[in-house]
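Structures for review follow.
What follows is chain A paired twice: with chain B in the first complex and chain C in the second.
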Partner chain A sequence: MKLVLAAALVTALALAGSRFSFLHLPLAGVRGSLWVRNILLTGTEFIFIGLLLGSPFLGILDDMTLVGLAPILGMGLSWIGLLFGIQWQVRRWDGVVRSGLLPALVQAGVVAVIITVPFYFLLRWSLDLSHAWCLVGALTLGAAGSDTAQSALALVGRSARGEGRALARLLRLVADLDGLVAVVVFGAVCWLPVLHGDTGSVGLWAALSVGLGVVMGLVVVALTSYQLAEEELLLVLLGTVFSGGGLALYLSLSPLFVNAVTGAVVANLSQERVLRSLQSLLVRGDRSVYVLFLLLAGAQWHPSGWSVLLLAGAYLMLRTTGKLAGNWLAFRGVVAPAVRGHMGLGLLSHGGLAIAVVVNLQQIHDGGSPVVDAVTTIVLVGVIVSELFSPALVWRVLGGARPMPSS
Partner chain B sequence: MARAAGTTVGLLPLCLENMHILLIFVYMDDLVDGVLEALVELEVTGVTVVEGAAMERILADDVPIFSGLLQTIGGSHDKVRLVLAPLAQRSLVEPLFRLLAENGADMADPAVGRLCLLPAEFPEPPGS
Partner chain C sequence: MALAMLAALFAVTTWIDTGPAPGATPTFIAGLVLLLGHIAGHAIAAIGLPRISGYLAAGLLLGPDLLGVISTPVAGQLHFLNELAVAFIALAAGAELHVAQLRARLGLIGWLVVSTTLVTCLSVGLIVFVAGPALLPFAAGLTTVQMAAVAALIGVVAVARSPSSALAVIRECDAHGPFSETVLGVTVAIDVVTIVLFAIALSTCQALLSPNGALDLGFALMVLVEIAAGIVSGAAIGMILSFYIRRWPDNIALLLLGTALVVTEIAHGTARYVQDTHELPLHLEPLLICVAAGFVVRNVGSSGAAFSEAVERVSLPVFVLFFTLAGASLDLQALRRTWVAALTLVAARSSSILAASWAGAAIAGDQSSGRRLFGFTFLTQAGISVGLALEVVRRFPEWGEEFATIVVAAISVNQVVGPVAMKYALQRVGEAKRT
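Up next, the complex of A and B:
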């Protein structure tokens, strides 16, 4: 009974949250920072609502209930993966998008490396984990940190003027593309034998991962080659999400990665009209799924000791360094040096795929593992802090010497 | 408000008196073919399909979470198709409604689309 009530509550919150958050509100009376308003604009408050509903406080979403809600989370991960992959319709890309791909991936790759390497040693030292688990934790943090959330840029970018407008478009393009590194790196984490009871090899799990995604993609392409109404397309979509995602979770693979591969196959092999309809259906669930993830990530968050908060501080510093260095390196010869030096500050917005990666890790390896708790705390703190400051930083990078727009 | 990218099917009619411009706003992507089939069946020619975006969509300033790339490359969710056609015979409107409904594009449902007629004049070039 409690599970049913919890599911209903979470669904209601997700639907309500998708309507009342993420709205572009006039940024009234701002002078360089947005503080609490940022939280409400980007939906981050749902992490706290989830934490309140979780075991440490109200206990409505306790550990047993969360185990029961796992299929919903799996479905959500699959939905996000499919939505991510289905946008990679390479044949529709113009020269601007194509030319932005390599720099975006390079900057995300640099961030991933700058976070992963130190954190391997930090986790080893602070949590006394084995080599394999340190690798899992460090790579997960690298994956989460490499992604740029699109919220701050979307909120602030439209108000940019003059040269700032072109820079806003570039930053948005980078934010749109760099999620690929997060999805692939975390997909690779799930190939490590340690997550499969030390059975199999990296190559085997990689082949299964990619193969499952490709097969599901081909099934969708075949089914949608018939003239289907919207309701029938939705059925195909749900079937793909449940079967692909379910199989991936059963095999302890990343539903995010597997369904991203599925989405990419569908994007590049389907008829244009079918693809548009599928994209339209998937986008409608965009915000509801994200709010759901924020709630459940918060509910599964067991804030650890103070040492993990220090690790969160290190994560923020390394991520900022990585973004600055990555963009400086990736955009050499593309962007003027004066801009390139601080461009990375405009890409600090955090959320979206980072939350999805954390939730994916929680799904694959539950049971109160110290590495899962540490990674969850580090990323959630990173998201909360980043979303407080990133809109103001974006504004500064876009040349906003004047005050931000007021109502 | 529409940003136009149009496609024309067929030729303009020869009779230019008592003309109307038929406008059909189609809000559901998968119904465009049904609308065009209905017009072909009624032998309406000179049809143009224009792709646009609803005003609410433009003003909404939505914050994408996972679908930013779709916005960047111009993904076509929430697009509106506007079907324009010169109509010589006003009497075609009633059978058109019926055919559209049979093809799944029930214009009585505002979520599906809207149909309207505008009186139009097609002036002859001077000296002809």
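Up next, the complex of A and C:
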């Protein structure tokens, strides 16, 4: 009874969230400080609602109930993964995407390294974890930190004027592409034998991850190779999302990564018509799935002690440093030096894939473990704080924008 | 090729087991059910049979009697999805009942309900009564009166139909027109009539078979209360849905799934609560509540069309899931043990439905080309009849199991034969736009 009512409550909140939060809310209609508006407009409030519903407070979404809701989370992770992967249609890339891809990945890679390396030692020192678990925690944080959410850019970028508009487009492109580092790095975390009861090897789990994704992609391509009505496409899509996610979870792999590979295979081998329809179906559920993640990530959050808050502070600092350094390094010759110096501040918006990465870690590893609790707290605090400041920072960056023409 | 790749994937999972994450198995099996159901549906449609038969076949193949992919524990984990699907299909069935279109055919619907109910119940009951222990070995020790009570129960169960199968075939064929609307109207109405008749038959049977022999009128009264409460609460939910859809017409599919979820669980929860606190066997039927809700949304206010459209958009995955899981639950062992009795019941039921439908249409003065074909659309049977058989097991544990085995075996045959006959009728009448 409780499970089903919890599922209904979560569904209702996801429904309401997708409707009333994010950019649906007119800026002028929200009273209160700019920070409160930022929270409401980016949907971050659902983390708090989830936390309130979780076991530390109301207990409606307690640990047992969350286990029962695992299939919904598995499906959600697969949905996000598939949607991410299906955008990687290489044959449709124009010059802008081709020239922006490498810098976007380099900046995200720099952020991942700048977070991962110090956090390996910080986790070892503060939580007294083994080498393998420190690696899991640090790489997960690196993956989560490397991604840029679209929320602040969508919020502020639309109103950019003059030269700021070109920079806003570039920032959005980077935010579109840099998720690849997060998906791949976290996919690789799930290849570590420690997450498989110390069985198998990195190579075996890597091959299985990629293999599953490719096979599922080929299944979709085969099933959609003849004319299908929209409801049949939905059927194939749901079948793929459920079975891909279920299989990945069954093997303690990342549904996010496996389904991103599936999506990429579908994007590059399917007919254009099928691809457009699949994208449209996936986008339709995207916002509800994201609200669901925010809620359940909040519900699974067991806020750790003050020491973890210090780690969250370190995470924010390292991420900011990484974004500044990464963009300065990656966009040499693409963006004017004066802008390049602080361009990273325009990419601090946090959420989306970072939340999905945390939820994925919670899914494949039992809740209550110190590393999962620490990573959850660090990333969620990071998301909340980033979403408070990032719209203002984006605005500042766009105000002084002078992107150079690509050479 | 897709099938081979899916088989390979399944082999991988059985080969490697690393202590799966919570919910991994049901998530994977649900996906497999959807994909295999889709493949089987298309394969069977290629030979002219309805896709629902393909879904059932896929379920049978995956079920515990053959491949064992959907084992009994896994089926238990997926039961939640099954109940959700039943409630969703009931919402969809209610939405198909458009009063403005049905008004002109209310007389025909009424006669078809009366004729098929009476004739089926009486003829199946009579055959069972005459055959006695030759057909039902468990009845060997029963007196004539007791045998009559058992025969009446089987007769009533034979009346039940399957709105979900009917709706699935109508949707698959994209059938629109007076014939399809009449069929669905009759099928839904008969399910309500069956619940009432069953309550009366069960009370009578209990009075005749129990040692103290008292007629339990309270039970029959409780059933009437259940039906009234189901319709009223369904209507209230329908009004709320109608208001919501009118204000916010997006994301209706998610809303409907949530509604189906809540209705199912609140109905079961209320039953448990009333049983625990007042020791009353109140069973609010989620099916009835959802049909009433769907009916109200379709016919009250202006959101009916948007509602129907949203239901239609997401109904295919629900049908595939429901019927593939239904296929997995078909009990081949029971059919092997009781096939003579089961086939006798199927033959008696089918012939009486065919004759009664023809007679009902004739009495109503129906002159349409479909008047001889109504019977073919009423052969489907599932869901509610299995529930009724299980209620008999609960009430009469000494012979209820054997009773249910025979009845469920007959239902399994009807579940397979019914959709084929229905598709044939829809095509013959010319209302099937897709073949």
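Definition applied: the second predicted complex is superposed on the first by the 388 of 407 C-alpha atoms of A that agree within 3 Å, B and C clash if a C-alpha of one lies under 4 Å from a C-alpha of the other, contacts with A are read in each partner's own complex, and residues count from 1 in each chain.
By definition in this document, a contact is a pair of C-beta atoms (placed from the backbone, for glycine too) under 8 Å apart; a residue touches a chain by one contact, two chains touch by 3 or more.
None of the values given here were measured: they were computed from a predicted structure.
**Q** Taking the superposition on A as described, I'd like to know which of chain B and chain C A:Ser151 touches: first, second, both or neither.
**A** After superposition on chain A, A:Ser151 lies in contact with chain B alone.
**Q** Would you mind checking which one, chain B or chain C, touches more residues on chain A?
**A** In the superposed model, C touches more residues of chain A.
**Q** In the superposed arrangement, which partner chain does A:Leu173 touch: chain B (first), chain C (second), both, or neither?
**A** The first partner, chain B, only.
**Q** State whether A:Leu73 touches chain B only (first), chain C only (second), both chains, or neither.
**A** It touches chain C, and chain B stays clear.
**Q** Is A:Glu230 in contact with chain B, with chain C, with both, or with neither (first, second, both, neither)?
**A** both
**Q** According to the stated criteria, A:Val215 is in contact with first (chain B), second (chain C), both, or neither; which is it?
**A** Second partner only.
**Q** First (chain B), second (chain C), both or neither: which does A:Ser243 touch?
**A** second
**Q** After superposition on the shared chain, which partner residues are touched by A:Ala188: those of chain B (first), chain C (second), both, or neither?
**A** neither
**Q** Which parts of chain A are in contact with chain B and also with chain C?
**A** 230
**Q** Where on chain B is chain A touching in the complex?
**A** 28-30, 60-79, 104
**Q** Applying the document's contact rule, which stretches of chain A touch chain C when the two form their complex?
**A** Checking each residue of chain A against chain C gives 1, 4-5, 7-8, 11-12, 14-15, 18-19, 67-71, 73-75, 196-197, 199-200, 208, 212, 215-216, 218-219, 222-223, 230-232, 234-236, 238-247, 249-252, 285, 288, 363-364.
**Q** In the complex of these two chains, what residues of chain C are touching chain A?
**A** By the definition above, chain C touches chain A via 1-2, 5-6, 8-9, 12-13, 16, 18-35, 38-39, 80, 248, 250-251, 254-255, 257-258, 261-262, 264-265, 268-269, 272, 312-317, 320.
**Q** Looking at the complex, which residues from chain A come into contact with chain B?
**A** The contact residues of chain A facing chain B are 22-24, 41-42, 80, 83-84, 87-89, 92-94, 97, 149-151, 154-155, 158, 172-173, 175-177, 179, 229-230, 273, 276-277, 279-280, 282-284, 286-287, 290, 351-353.
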